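Sharing a structure below in C-alpha cells format, with a few things to ask.
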Amino acid sequence: MRRILEYQKARSIDEALALWREAPSARYLAGGTDLLPRARAGGASPGRLVDIKGIPELAAIEELPSGDIAIGAAVSVAAVAAHPAVRRRFPALALCASALGSYPLRHRATVAGNICNASPCADTAAALLCLDAYVRCASPSGTRRISIHEWFLGPGQTSLAPGELAVAVELPAAAAGGRAELGRISRRQGVDIATVAVLLVAVPGADRRHRVAMLSVAPTPRRVPEAEDLLDRMGASAAAQAAQAAMSAAQPIDDVRGSAAYRREMVGVLLQRAARALGAD
Amino acid sequence: MTPARWVGQDVARVDGLEKVTGAARYLADVKLPRMLYAHVVRSPHAHARVHAVDVSAALRVPGVRAAVCGRDFPFHVGIYLMDQTVFAIDRARFVGDPVAAVAAESPEAAREAAERVRVEYEPLPALFDVRKAIQPDAPLVHPDLGRYKVVPWITPQAGTNICNHLKVRKGDYDAAIRTAARVFENTFVVPQVQHVPMEVHGSAACMDLSGKLQVLSSAQSPFTVRHLLCACFGLSHGDVRVTVPHVGGGFGGKAGINLEPIVTALAMRVPGRWVRLVLSRAEEFYAAVVRQGLVATLTTGVDDRGKVIAQKMHYLWDCGAYGGYGVNVVRAAGYTCGGAYEFPNVWGDSIGVYTNRPVGSAYRGFGMQEIHWALEQQMDMVAREIGMDPIEFRLKNCLGPGKRTVTGQLLDEHAGRVDLCIEKVAKAFREPLAERPGKLRGRGLACAVKAPAMPNDAASSVVLKFCEDGVLEVLVSGIDYGQGLRTVAAQFAAEALSLPVDQVRVRNLPDTDLSPYDWQTVASRQTWATGNAIFKAAEHCKAQLFGMASEVLGVPAERLALDNGQVVDTAGPGRVPIQRLVMGYQFPDGHVIGGPVAAAAHHVPEGLLFLDPATSQSSKPVAKWTFGAQGIEITVDPDTGQIQVDRVVACYDVGRVVNPGLILGQTYGGVVQGLGTGLMEELKIDGGSGKAQNATLVDYKIPTALDIPAALEASFIETPQKDGPMGARGIGEHTMIPTPAALANALYAACGVRIQEMPLTAEKVREALKKKRPKG
Amino acid sequence: MGIPIRVMVNGQLESLQVEPDESLLAMLRERLDLTGAKEGCNEGECGACVVLLDGKAVNACLVLAAEADGREVTTIEGLGRAGALHPLQRAFLAHQAVQCGFCTPGMVMTAAALLRENPDPSEAEIRTALSGNLCRCTGYRQILDAVLTAAKEMRAAGERSPR
C-alpha cells in the first residue's frame, strides 16, 4: 500500500485550501525535507500532498512599505540566507538559515516548513523568536497573523488550525538592524541537528534590546526574557547571571544526542560567549 | 630498491573513468529482468523463542511469489563457526534477526507481505553487557554451541556464551610480574560501531530452470560466498556462480557471507526469477554486521629502567548474537596483543562472548584499532607514571629486527621498522605547540601493527592473457572496492612484462565461473598476494614469449629480455615486438610455432604454522607485519569539551609504495574513519529492549568534509617485504588503527584527562574535566 | 493512472507518467536508467543522490518526481563523458579523489552547483558546500584539492558549468 496516495499542485492559495478540504488527511508540501522522510518511516502518512510551490504569492521575499520583510512560504532557506536585505537587516535569520541542514537540503527546505514541523531544534525558530516574527496564515475564513510567540505549542505542534496554510513569515521592521551571535553545539562540525543552540540578538533602539532564544532544551524553541532583562539592565557585566537565568529556564531532556545536564550547562556557556562576542552594552 | 617504470608512479585509477561519469554499476544499478523484490521479516525481540511462523497471509498479498522461513531451510552457515541458520528457526537472538522473507513483484507488495507474516515469539531474558554474558549463571545465547561445525583453530566453549578463547602464554608471566619494579592495571572500553559503507548491503540470486544458481552480490569475496553457500545448501560448487559488480565500500562488512543465503532461499522457490534484496539504511546499521565491542584490561609490569618485563591482556569481546566470522577477530587480536612492542613474558586471554546485540564481524582493522585503543593508552599512562617520555618509552620497548612477538616469532630485518615510523612522526612535531587563548592544546602519538588474519592456505590467483593486438588482460577475483587493487594489479603486470601501463586491462569481472580463485579481499592482503601471483604468472608468459623469440631471433633464450613491449636480445641487435608473438609466430614458409600466450599462477602464504593451542606460540603464525605510527595535534575547548583535530601526521613502513596517490587516499581515508570512531561513532542499543537507538545517519554521525584536520601528512618507509611483490606489504587497514588512541593521548597531554571509553565525545570530555577540576 | 509530467533531463525532454510517492531519484534510476545518482539513505543525509534541479543542487530522494514537472534536471550523466569530461571529472581523476566511487556522482554534482554560484570558493566554502556529501573512503582531502583545481581551471578558461 502506498503511503502517499495523491499529489496535486495548487496554483493559488484558494485552490490549495480547496484541495485540502476535499481530501482526507491532506498535507501541504513545501520543501518536503521533513515530511517525506517521516512519511517513509511510517509516521504521518498523508493521503494527499498539496504542493504549494507553484503559488506565485508564496514564491518571493518582499520588502513591504512598512519596512517589514515578508518571506513567502515556498522560499528556500538558501534563498533566505543569501538575500541581501535579510543579511543586512536581519542577520540573525541569515545566520540560523545557514546553520540548517546541508547545502543541497537548503535549496529545498523552507523557513515556513521549518516552523510548521515545529521541532524543538528548529534552526530558524531561534531567529524568528528573537525578531518577534509573525506568520501570515490563510484559511477559508480569511487571513490572520499569528505571532511567533504563540506559534509553538509543543514538539511538532503549532497553533495552525487544521487546513490552515502558512503563507508568509514576516519580520517586523522594529527588530531590524540588530547584530546576532549564534552558539551551536552538535556532534560534529558538519551537518547536524543542534544538540543545543543559543542565539543572542542585540537590536539597538528597540524597546527590548537583547533577545535570547534557545533550541533543543525545551519542548519548543524558547525565548529567555529573564536573561534578556539582565542584559538590558546591566549589559555585558551581566553575562554570567544571564547565563544562569537561561540555564534555569531550560528544560532539557536526555536523549540520543546528549544528556540534559550537558545541554543545560552548555546553554550557559554559549550565552556567556555570545554576550562577550557581542560586547553587550 | 629495484628501479621501476610503473611501480611507485602516480598511475591513474584504471576504473576512474567509469566511476566519475556515473557509468559504473553497483548492485542496485544492475537491471535484472523481471526481478522480484525481497523483504525480510525480522525479530523485534533481542532474545526469544520462535514458536511458529505463518506466512499464509503474506502469500495472499497480490504480487507475492514466495515466502519462506527458518524451518524451510534448516541449514547452518558460517565461515569459521557455523552458528547461524539462514533464518532463525527456534530462537531469535538479536533485534533484527531474520525470521522470514518474502519476494514480490514490487517493493510495496513485498513490504506489505512482510507485515502480514505472523510470528509467535516467547521473549527470553536478553544479554547486552559482555561482562554479564560471561558470568556462569548467564542465560545461554547458543545452547547448542557444542554441536556447531567449527574450524580446528577456533575453540568455542560449549555450555557457555564463549564462542572463542585464545590464550597467549609466553615466557613466565607470574614469575616476571613479581619482580617488576612497578605494576599498572587499567581497563578500556570500545562500543560497537558500524562500517557505514556509502553503498548498503545488497544481493540478488536466480536459480535457473536447469538448476544452476547465479548470485550477484555487493561482496568482498565471491569465492568464499560460493563456498559457504554450497556448504549451507548442499550444492556443488560447479552449479553455483557468483559475480560481483562495482562495490561501494566494504570495510570488512561485505566479507564472508551476508545476504546471499536469504536471496538464495527465496530464489529456490521461484526458479527462473531473479530475487534481489537491498537493505534500507536503518537495516544496514543494526541488521548488517557491525564491529565487536571490547572490554580490555591490561596489566603492565616494568623494571626500574623502563623496560616492560611482564604484560597481561584480558580481552572480552562483545561478538553479538552470532560469531561466525567474529571468532577470528578474537583470535587475531589475541596473537597481536603485544602490538608494536616486545613483551618478554605475556599472559593473554582473548575471549569472544555472545550477547543479544547486533552481529560482530570483520571490520577494517579486524580487532586492531580496538586493542590499540587500550595498548597505546596504557603505554602512555605507564610512561608518564614512571616519569619517562612516552616516545622514549615506546622506542625502548618496540619490536624490530631480532625481537620476538607475543607468539615467539622472531622478526628479521624485513619486518618493517616501527622505530623509524615513531621517529619520523616525532620529528614532525618538533616545534613548540602554539597556544590559543582560552583553549588547551596537546599532542599524542600511537603506534599500529597488523598482520593479515587469514587461513594458512588463503590463496590469490591470477590469469594473464593477451589480446591479438598485444594488450595484456589480467583476470583477478580480488575486489576493487575503492582501495585501488585493479590499478595496482595493472602496475605490477606492466612492470613485470615491461609494457606501457595503458596496454594492460584488469578486467572487472570477479566471476567464479571465469576468473581464477581468490580467497577474499580483506586483511590488507591483495597488493601482496595478487601482486605476487601476477609476477609468477608473468614469468610463465615470459617463458612462452622467450621460447618463441629465441627461435625467431636465433639466440638462446637466456639472452632475451623484455623492454617496453618488445623482446630484445641483450647481447645483440635482435628484437621482436610482442604483438608478433602473443598469438604464436608464423614463419615466412608458413609454419607456426607457439600459440596464444597465457598463464595462470597463484600465491599462497609460505610456511605458516598453527599457533600452539595452549600457548599460541608459533615461529611463523602470519605472513607479514605492517607497522606504523600516527601523531595528532588537537585543540580542546575546556568549557564545551569539544575536540578540534588540527594536524595528523602518519608514517607507515609499507615495504614499497606502489602508487603514491592511492596510498595517500588509503591514509587520508583511514585516518578520517579513525577520527570518526575516535570522536563520534557508537551504535547505541537500548539496554532494555535491545533496539538500536540511532540506526540512521541523522543520529549515527560519521566525519564530513568539515570534520577533517587542516593538516594531514603522510610519509612512508620502504623496508622491503622479502616475499612481497617488489617489496610491498599491505596498508589498507593500518591507517585507521592508531587514530583513536593517539587522540586520547593528545587529550591527556592537552588537559590531563584520561578517557578510556571510545568515543571521545564533547560531553565525556567536559564531564572528565569537571571531575578533575570541580570548580570547572 | 500515473501523474503525467514533462521534465528536461540532461537536455532531453522526457514525458513520463509517475506515481505520487515516487521520488525524483527513483524516476531517474528506474525509468530513465540514469543510475549515476545513488540511494544511500533515502532521507537527505548522505548526498549520494544529489542532482541539479534548475541548476541548484538538491537531494533527489527528497524531491518527488511529480515536483520535477516543467523543470530541468542535470545528472552526472549529463555533465561529461569520456573524451569530453567536465573539468571537475578530470580533476577528480587527477587528484585520486575517487575510491569506491559511490559518493562520486553526488559529490561532483554538488561541486558543479557550487562552482556555478561561486566560481572562486575558498577551501572553507568548499568544505561547507560538500559537508552534506558523505564519503567513507577518501577522507575528503583529495576531493577538496580536486574542486580547487577544477575551479581554477574553469576560471582560467572562462567556462561555465553546463545547464
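Think of it as A, B and C in the order they're written, each chain with its own count starting at 1.
Here is the rule we use: contacts are C-beta pairs under 8 Å (C-beta built on N, C-alpha and C of every residue); 3 or more make two chains touch, one makes a residue touch a chain.
Since we're looking at a predicted model, the values are computed, not measured.
Among the chains in view, B has its Cα centre nearest the centre of the complete protein Cα set. The chain pair with more C-beta contacts between its two chains, of A-B and B-C, is B-C. Rounded to a whole number, the gap between the C-alpha centres of chain A and chain C is 29 angstrom. Rounded to whole angstrom, the centroid-to-centroid distance between chain A and chain B, based on C-alpha atoms, equals 44 Å. Rounded to whole angstrom units, the spacing between the C-alpha centres of chain B and chain C is 30.
The multi-chain contact residues of chain C, meaning those touching 2 or more other chains, are 42-43, 45, 128, 130-133. In chain A, the residues that reach two or more other chains under the touch definition are 2, 189-191.
Listed for chain B are residues 698, 703-706, each touching two or more other chains. If you check the complex, the residues on chain B that touch chain A are 108, 112, 639-640, 642, 644, 679-680, 684, 693-694, 698-699, 701, 703-707, 761-763, 766-767.
Residues of chain A touching chain B in their complex: 1-2, 185, 187-193, 256-259, 262, 265-266, 269, 273.
Within the complex formed with chain B, the residues of chain C that make contact are 29, 33-43, 45-46, 48, 75-77, 79-82, 85, 89, 92-96, 98-105, 108, 126-128, 130-144. Within the complex formed with chain A, the chain C residues making contact are 3, 19-21, 23, 42-45, 47, 50, 53, 56-59, 61-64, 66-67, 69, 110, 113-114, 128-133. Interface of chain B with chain C (complex): residues 10, 12-13, 15-26, 28-29, 31, 195-200, 246-249, 251, 280-281, 481-484, 661-662, 664-665, 667-673, 696-698, 702-706, 708, 712.
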